[in-house]
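What follows is a pair of complexes built around chain A, which joins chain B in one and chain C in the other.
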Partner chain A sequence: MITKIVRTLVTVLLALTMTFILMKAIPGDPFQDEQGVPEEVLVNVRKHWGLEDPLIVQYGRFLRSALTLDFGPSLKYQEHTVREIIIQGAPISFRLGVQALILALPLGIFIGAFMAALHGGISSAIATLVSSLGVSMPTFVAAASLQFFLAISIPIFPVARWGDFAHTVLPTLALAIGPAFHISRLMKASLLDVYTQPYIWTARMKGLNEFQVLTKHALKNALLPLLPYIGPMAANILVGSFVVERVFAIPGLGQWFVNSVLNRDYPLIGAMTLLYSIILLVLHILVDAIQKRLDKRLTLQESYLS
Partner chain B sequence: MNAQTSIRLGIFILLSLILFAFVAPILSSFEPNSTHLVDKNSAPNEVHPFGTDDLGRDLLVRVASAVRLSLFVGALAAVIDLLIGVLWGMGAALGGFKLDQVLMSIADMLYSIPYLLVVLLLTVVVGQGFLPIFLAMVLVGWVQMARIVRAQTVAVKDAEYVLASRILGSKTTTIFFTHMMPNIIGPILAATVLSIPQAIFSEAFLSFLGIGIQPPQASLGSLVADALPALRYYPWRLFFPAGAITLLVLGLTLLSDGLRDLYDPRQRILKGDIV
Partner chain C sequence: MLKKTFALLTLVSISCSTNPDIQNREQKKLRIASAEDFSNLDPRKGRSLATMDLMHLLYEGLYKPTRGVGVKPGVAQEVTISEDGMTYRFLLRHCKWSDGAEVSSNDFLESWKSTLNSQFAAPNAYQLFVIQNAQDIYDGKMAAESLGVETPDEQTLIVHLKEPTQSFLQMVATPPFFPVPSHALTDELLLPKGERPITNGPFTVESWRPQCDMTLKKNSQYWAISDSYPTTIVSTIVDENTALSLFEKNELDWIGSPLSSIPTDAIPDLRTTNKLRVAPAAATHFVRINTRKDQFKSVAVRQTISQAVQRDEITDHILQGGQKPAESLLPKEFGLLKTPLQLNQALPRDVFANEVPTFSLSFVANDRMSKLAQALQSQWTNALGIEITLTPCDSKSLFQKLKTGDYDLALGAWYADFLDPMNFLAVFERSDNGTNNTGWQNSDYQELLAQARKTRNDEERTNLFLKADRLLSEESPISPLYYASYNFLSSKQYSNCTVTPLGAISFEE
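After this line comes the complex of A and B, so read on.
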């Protein structure tokens, strides 16, 4: 566990370093688009923001801001600090992401169990086709179609913008569709695998009905192989929210992420990278820990190895 | 659905789309980027089977041209996967402990940087358009493949037939390509076919956000993005590109599923194809 955390911190450091190198490799700076400003003024502005310092000094400052979580003001939108921008946008993006995950997990597991039960025959073929269709639809297509059918053709939900719970329904659905069907496909394969195990026969022989076999024995074991996929999937949901935010005009983090890079807004880029790599890695560690806790075989293996 | 049906259906969908993408522009008398302002936003009719957009451009040829772009991006991703990913994974599995550690650590690190961030930063370095998407694929797109190849190779590298070939004096690369490859080709093929939609998705995703392929060139992502503001009045501008990308990826998904099942006997037993 300790080595895992150290490794994670090293990875975050590497990601930040790579971001820094790429940022500095980019010709130009946030102030190059200023019109009619004399060169001397620009030099002074750059000096003011420390952009004329040696790279190693800038790198040190960049790491220090990452450590203290204080990146100062945004270079492009100087009336806001980076922290304000993130505190304003992050809760919105995360709310969408978390809602989508809460919807996608049980839904995917349920559909997967259903498909495994249907196994064989025409109904199973149709279910497979539908779930394949579900994973084949890009998020932006799902979002745009939902917007058209459930907000424009049949006006049940608001078309766009951010406000009460009704505003979150369509974005959450759009975000959840892909992951839900992805989980269902994994779940089906995993369940079919579990059903060949001897303990399932034992459970059947002692007189449990199929539902009890599923809920008491099969489900728990079938969920284990899914865990490694959940971490990256959750991260994808968070990133995927950029598109959904765009379609539904939601003021989350997405717009800032894209704009920060195009504006070469160094502090904002740094903060966004930090935020996303930390989320990604925390999810990895979390999933790993849950997996170890549920699957005693893994801990056993590791103690043999060490 | 068994493996054969899945593969057949997948190939059928893909071939139809390829046929559409390459034949439609020949049959149509319109150019993808030529504008006809008198004929803008017209609904699907005999002259324009998919209708036209807000500049009067024929959507049929624009969707066809966008599908060609997606196919190209996908094919490129597959080639990069097979070149870099397979060699990287092979090197890690067969190159000894140290090389394995180094190569897989690099792969893990690349994997932990958000893909979108890589593309966005590259976009600023080399400019918007196709190049940053391509470079991002070269830089990080093959990591998953390298992991799969390594895992598969490690699983077979102590098999008796490998030992036998080694005793007969074969070189490691010869053993890998002639003896191991046939045994691990299934997962590799399935992963290749599966990495194509990922590349297609990311190109469409970036073009949708307006930082990928630049206008006037049509991409399935930018066609969908263009349709959004006028969705209430001209919904067909959404349906055709959205349908095209969904079908394209569906075909690839079915093909990949089929290939995986076909080469994985355990799956075949489970599915009752062989008893």
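After this line comes the complex of A and C, so read on.
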């Protein structure tokens, strides 16, 4: 466990270092725009924000900010600190993410099981086609079509903006579609694999019907290979999506992954990387633990190897 | 008893409904779409166009812009200008900050002094360099006390300029010259954080959720408050396509300029249905030609490239938002009469020696600029047989390329800070001007502008500007494309309001 935590911390440090190098390498300046500022003024402004210091000093300050979780004010939105911006957006993205996960997981598993059950027939081909469409549809198409059909043509839900539960329905759907179909495809493949196992034959020979075979025997084992995929997927959904938040005018976190870089808002870029890598790694550890709990083979393998 | 109450109720309801017009106005709310959040609430530090617009709603300077070309008195009641045009004596009116404190001459002095403190890191500091000793103070060569500004009493502000500046009244109407509540500043000279900012303009900030929305309330302490201002303004950050949908569902009252834009694909439709509102902007879009590169050292080459552009095709078929083809850098909005420039009409293809050159055209990768770049690409290829490669980039990368001279041709624009020809022409006065970026400078051009600064004769000044403008066209370090316009949609209630040439919403009728 301790080695795992140390490994995680080293990974975060590497992610932060890479981010620092990359963000300093991209051309452009947070304070330069079309209405050019004279060089002497620009230098003073950069000095004020510590951007004229040697890179190693800036790197040290960057790491200290990450350690204390205090990145100071945003360079573009100077009235707000980076922490304020994240505290404002995180709960919103998080809520949408949780809703989308609650929707996507059962839906994906259900469609996957359905496709596996129908395997081989014409209806299976149709189901596969639909799920391929679902997986390959870009989020902006999904979001814009949902908005067009369910808010503008047939005004059931609000067009955009953040408010009550009704405002979260369309963004949740838009966030859930891709992952749900992805899960369904994994689920189908995994189930088909499980169906070839001898214990399934045994179950069938005991006289269980297909539904019982699925729920009592196949499902649990078929779910295991899904777990490693769910970790990163959950991390992606929880931190928000740039596209969905844009289309539905949601003041979440997702926009900052793109906008902080476009604005060359260095402290905000750092904070977003830190947040994302921590969420991702924590979920990884969590998924690992759950997997070990469910699949005794993994623990056995480990003790056998050592 | 019952009868009595009923009678009373009727009376009350009658008295309430006697003037529905006033009632309506009291609840006037403006819901406006914004493309990005405001970066600042401090007039000394604001940079983006959206932030500048907010500053005009929150604060008021000595003078304020009118709907047209001029300025009118704001905090200043009247001004006396000395014979030599170097000293401005402002008499301030008795008006108040939103917290009830009196606006004093010291609020202006403190604002300017802090802007000129290089530690304060105000990017707009250079705009104040017209004031006597301002630049030396900024460079640390003089103490802040030597700034050429006197405040003999609370109501008098005397400003000494570095040199006669005809456009000074226009300049004091812009945010870098706005006052700050000096009685409430923190030790670091910043506005007090956390609470509602203290303002002296028509509005105060009611609430602000970063990257979501901002609510402004009418400032009851504002001296010129009138019914034409809405009681509440809510600006919400929405994507431009979503904003259009919300507008059509009557959930927004104003979309497009100055805080966001109208989707380019929607413009032709909105024009034919007469919904699109258009207001001229004091701004010129152009192509920068990098004179630092060998292939653009020759004036003939630059002229040829500039002349090959079919400007009316661009405004009529590509942009379609009421923009006007540009004949030169200076827009006509300044009342300058111009004789169109007649250069050698036939396009000399042979300026490019024997080989067919390939130039790259850099631009900010958005919808409008991409369409514009494609149109230019085909126009140049057809007219001159040259090859153009398109180089779209994100805005910060483009500014870096411009700064380092790492481009051939680049789309650009100048949106005026204040309405004076000098504000346009001075951009290309020196090659180290942060916006020039073409590497071009010309001693004749500098001489014309220097003379224009000195003269007190309006007609002579205009002539000098025209000469400079013409020289710039002949030299062609830029190829002017079009004079910009503001495109917006507004609900009926706001059909009287418009956008000023400098891009502020004007509520005053």
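Worth pointing out:
As a convention for this text, the second predicted complex is superposed on the first by the 287 of 306 C-alpha atoms of A that agree within 3 Å, B and C clash if a C-alpha of one lies under 4 Å from a C-alpha of the other, contacts with A are read in each partner's own complex, and residues count from 1 in each chain.
The definition used in the following text is that a residue touches a chain if its C-beta (ideal position, glycine included) is under 8 Å from a C-beta of that chain, and two chains touch if they have at least 3 such contacts.
Keep in mind that what you see is a predicted model, and the values were worked out from it rather than measured.
Once the two complexes are overlaid on the shared chain, A:Leu63 sits clear of chain B and of chain C alike.
In the superposition on chain A, A:Ile278 makes contact with neither chain B nor chain C. Legend: residue contacts after superposition of the two complexes on their common chain; A:Leu14 is shown touching chain B, with no touch to chain C.
When the two complexes are overlaid on their common chain A, residue A:Leu262 makes contact with chain B and with chain C alike. Contacts of A:Leu118 after superposition on the shared chain: neither chain B nor chain C is touched.
In the superposed model, A:Val169 makes contact with neither chain B nor chain C. Once the two complexes are overlaid on the shared chain, A:Gln147 sits against chain B and chain C alike.
By the touch criterion defined above, A:Arg246 reaches both chain B and chain C.
In the three-chain superposition model, chain A touches both chain B and chain C at residues 26, 144, 147, 152, 246-247, 262, 264.
Per the touch definition, chain A reaches chain C in the complex via residues 26-42, 44-45, 47-49, 76-80, 84-85, 88-89, 144, 147, 151-152, 155, 159-162, 246-249, 251, 255, 262-264. Against chain A, the residues of chain C that register as touching in their complex are 37-42, 45, 47-48, 118-123, 125-126, 138-139, 193, 209-213, 236-239, 241-242, 245-246, 249, 251, 394-397, 399-401, 403, 412-415, 417, 432-437.
Residues 1, 5-6, 108-109, 112-114, 116-117, 120-125, 197, 201, 204-205, 208-209, 211, 221, 224-225, 227-228, 231-232, 235, 238, 242, 245-247, 249-250, 252-254, 257, 267, 270-272 of chain B are the ones touching chain A in the complex.
Interface of chain A with chain B (complex): residues 11, 14-15, 18-19, 22-23, 25-26, 119-120, 124-125, 128-129, 132-133, 135-141, 144-145, 147-148, 152, 189, 192-193, 196, 235, 239, 242-243, 246-247, 257-258, 261-262, 264, 269, 272-273, 276-277, 280-281, 284.
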